[in-house]
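What follows is chain A paired twice: with chain B in the first complex and chain C in the second.
And now, the complex of A and B:
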């Protein structure tokens, strides 16, 4: 049906809407518009129906838990007696009466830096390397991205073996180049470094995929122009590639921070549920797990969860602002 | 331009060396675990890369130590159900968000986007309480139902994809008198195969590798997942490395095979969605 024709029938049916049923021919002609509104109504009903199961799932397993955990964070509850309203007590206890919180906070901060910096630097270098046109590069990419699918828990167990005290692979390799054995998992400070190593191994490929995809969107002629102007490979990378993939870089920053602040699987599998040795790997994720599912201090753990959430929000906002300002400087 | 052929060869060799080093770093832990899984406990202390007498029996012994066969089967069932549910309900809702007008659509979609930001740590405690209230703890329901009806992330992914499809596809079908359901099922879903693949693979991997949720939900070995099995084995036999490495390889192997098969679309999907494994 062409445009004008549809308009004409629409107008007609509009004028004769009241008597449409009484006059069969007009009703026949008016089917265009009446049909359109009925169709729109049917499509609206279908739309509501189609999202209903999904919406219910998101509401029950995401929105309700979100609100309920905020409610819980102002209560004291051991799961057995009734929840008791305690106002800000849980938060006050976190910040003023629980030395373990500051240990977890410090460990998480150190762990995040130890993970974030190598992840960004290494994945940037690897993405630049894999971005070259080389024979067989597809094979190398496939292998380099392999850790993407590896289970964090399984790899943490494998790394525990590699870190194993004196005759672990890593210490043996250090021995070949004349370096003494490192107490990877038995010394509290080294244990946090080990935890970061496992996490970096797991998170570099993800960051590389994101950065490589962004790099492949950089127009080729920019490089050619720069080369004619005499810019070397490193200069081209710094002045063209990095500024043009800023969005992807910023995304990698945020995701790595989010994952590090919430880290749990690798800590549990590498050094156990207590964050040992001593408090060497006692990170926020372990603290949350212990309080919620070992000590059943549900309200207190919920308060901790919201503090973690708040930290993530603040860090994300800072990162967004920084990357926006950097963009304005360009 | 000014480079001599000799320098260019050297440059190329250096680049290949670097690329090989990267691939080696990605592979070494896995290869070392495979090697250790085939060693006897006595041989473990030797630095030999390959075991002289491969002990394939280590792999059989794992199944005696823990009911790993059962656990792997459980994981396949959980991952299969959740993946099927995610693909169906997320694509259905994604189609509605992309193409059907209904009251509150824009506001709802914004709410979905906002929930993508919520970290697992905030929702896991109430979800645990919910499962406890429903009496689903230590049952397969707790592993299947929460993911069965879709997620905000999957819906977002599918909506983005449906929006890229040309509207002419549906217009012809509408004129032929197709209902919205028929348009979704017969016209659009077959065109959405790339996005469906991405969502299915991402979901499968997430469920397969999930740890915290099964850890707090499941006690009984008969409902446990393979990740739980590995951790329990580690607790029991922390010194028997060959056995532990065999179990780790058994947990890694299926996904490595899946990756080998679906590698191209999987990597593209991660880059496209900018999300992925948690």
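And now, the complex of A and C:
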């Protein structure tokens, strides 16, 4: 935790906060001690009252569901009968008796890579283009950010038509350049590629917003100095822009990985609730939904949710460590 | 129409799923019930796209609707969890009504809702599948289809008809399909398997094993898949992504369509579409007559209902002779009682249909597909296995391996 954050946390404990702020002069200490303590208590009470609604909301809508899902992950529960304690059985079944878990894990890993790399590369390129001072750039920025506001389900439905094997727009376009039709959504391998394409389309605008904001914070004089030294546009981008937006890039990496591992809505709308065709798009999000809301094995689904959480935690920690090391190398 | 369950008023809540035309017909029945029983108020709750999920959410949350529409494939999950009341107790209290219902009803439909010895729903409509056909296209090709379940086509005759009715342009693009399917492809494929002499699950209610590996079943399923994959007389899996079977049939670009009575209202009243209905074909190991799936929906009462008596009065009305006569005359459902099936109201509501026996004999020629509380898991496995076959990446024989083993394991765990 950094310094200011530690200070902010300290302010929450009423006694020390009030004491630090309202310390009376030495001569008045004896006389005013009782009054000051009462004031400190009142302030602490007022502070507690102010944050109580937020704390209650966090407790009810965040901590309780978290704790309850952890509790359920050690139980078997079908929504109607009382939860039955099964210990580590749900986790054991997940790792040793459910081949679909490894299929979902592999699909999610492939999907994450297929989504992450293009998202970062494309959003970097688009942010670099939108960072230029050109006439009408505001219009292009608006267009580039449009997918951000589109409903995931609505856009997945539109993409179903685009990906249609026979009369789909994409296959027609491939036909114009002499390429044969691709079974975008009917072949299991291609279906995962299609899902990644849609996800990249949806993810790029958000990543672009973050990267563009970071790029606009890079001091102009660095570019001018590099230009005087004879550095070309690509060299300036590689040696100035990318190192100086490393923090934002790292954030984009983490967020894209988290979104990919948790992907559900686009897969559900594009290829159905069973992660088809066959197990082509059977990702962890679909597996979670299927077990919880189609098979009503809530305990098993909770165990899977905690495993997904653990995977994301590890990936995020690795990413943070790597980015800190890279910052230290600068 | 109300959109939420529960409430503190004294109305009997009735949960159902329906397209707009069906909903209007249901409201007619409810209005008639209100007229006859002004002391009982009915409040309707329309289902979203996943009725089972919605019912379980309502009931687990303590807001279970009093009367629930029940699907052949889905109700067992609710019965097993104690959500539904065993109607046998209520029938026993009313022996005259029970006897009347028994004599007038169809055993395959009634037995579908028998779970672990209890009657958890009473059939309300028959929704088995059959073939719609375009009369004009058939006449042009000189094809005479069968008119009753006992005189079905063989697979070879059906394929010959579908081939004769498929037309392609000079570039090889299909202008007119011989056969299109408006149902769930692997359910339809299973009907072809069942019509080749093997049931899908044994026994169909509370099954202990699947027969998808049975060579007769696999042959029927493969015949269905080959209509698209080998013979090109039906749209392939890829084609089906961009064309709607209903649209193809409605516009005269498909000569035969497989579906249920729920599509009837979509095809009537379209100028230029002169259609009739015929039965499914029978494979070399099946017969002598053709069969279809039960596909029935029934009405059940929630075990937690505080208005059980009023709910029972409504269920009795809707599934009994009076309600069924109204259903028959509405033309939107096929009734489940013989008395209603043979009323002039039913015939009048289907004036364009000459082969009315396809409907009236339908329930008696129906077979259950599978009734198991684990249907969700079984269906996921079936979809996964059948997709490979239906897109031509594997043969139907392959289903007898891993897919059958996995399904059997799920079924064993449920018994």
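The rule we apply is simple: the second predicted complex is superposed on the first by the 282 of 330 C-alpha atoms of A that agree within 3 Å, B and C clash if a C-alpha of one lies under 4 Å from a C-alpha of the other, contacts with A are read in each partner's own complex, and residues count from 1 in each chain.
By definition in this document, a residue touches a chain if its C-beta (ideal position, glycine included) is under 8 Å from a C-beta of that chain, and two chains touch if they have at least 3 such contacts.
Keep in mind that this is a model prediction, so the values were computed, not measured.
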item	value
Touching partner for A:134 - first (chain B), second (chain C), both, neither	first
Comparison of chain B and chain C by chain A residues contacted	B
Which superposed partner A:265 touches (first chain B, second chain C, both, neither)	first
Which of chain B and chain C A:293 touches, first, second, both or neither	both
Chain B versus chain C as contact partner of A:278, first or second or both or neither	second
Partner chain in contact with A:104 - chain B first, chain C second, else both or neither	neither
First (chain B), second (chain C), both or neither touched by A:197	neither
Partner chain(s) touched by A:167 [first = chain B, second = chain C, both, neither]	both
Interface residues of chain A shared between complexes with chain B and chain C	79, 160-161, 164, 167, 293
Chain C to chain A touching residues, read off their complex	53, 56, 59-60, 77, 81-83, 236-239, 241-243, 376-377, 380, 383-384, 387-388, 391
Contacting residues of chain A [partner chain B, same complex]	39-40, 42-48, 50-51, 53-58, 60-66, 68-69, 72, 79, 126, 129-130, 132, 134, 137, 140-155, 157-162, 164, 167, 169, 172, 201, 205-206, 209-210, 212-213, 251, 258-259, 262, 264-265, 268-269, 284-285, 288-289, 292-293, 298, 301-302, 305-306, 308-309, 312-313, 316
Contacting residues of chain A [partner chain C, same complex]	78-81, 160-161, 163-168, 181, 183, 185-187, 274, 276-279, 290, 293-296
Touch list for chain B against partner chain A, complex	12, 15-16, 18-20, 22-23, 25-27, 29-30, 32-33, 36, 45, 47, 89-90, 92-93, 95-97, 100-103, 105, 108, 111-112, 115, 117-130, 132, 146, 148-152, 155, 174, 179-181, 184, 205, 208-209, 211-212, 215-216, 227, 230-231, 234, 241, 244-245, 248, 251-252, 255-256, 258-260, 263, 266-267, 270-272, 274, 276-278
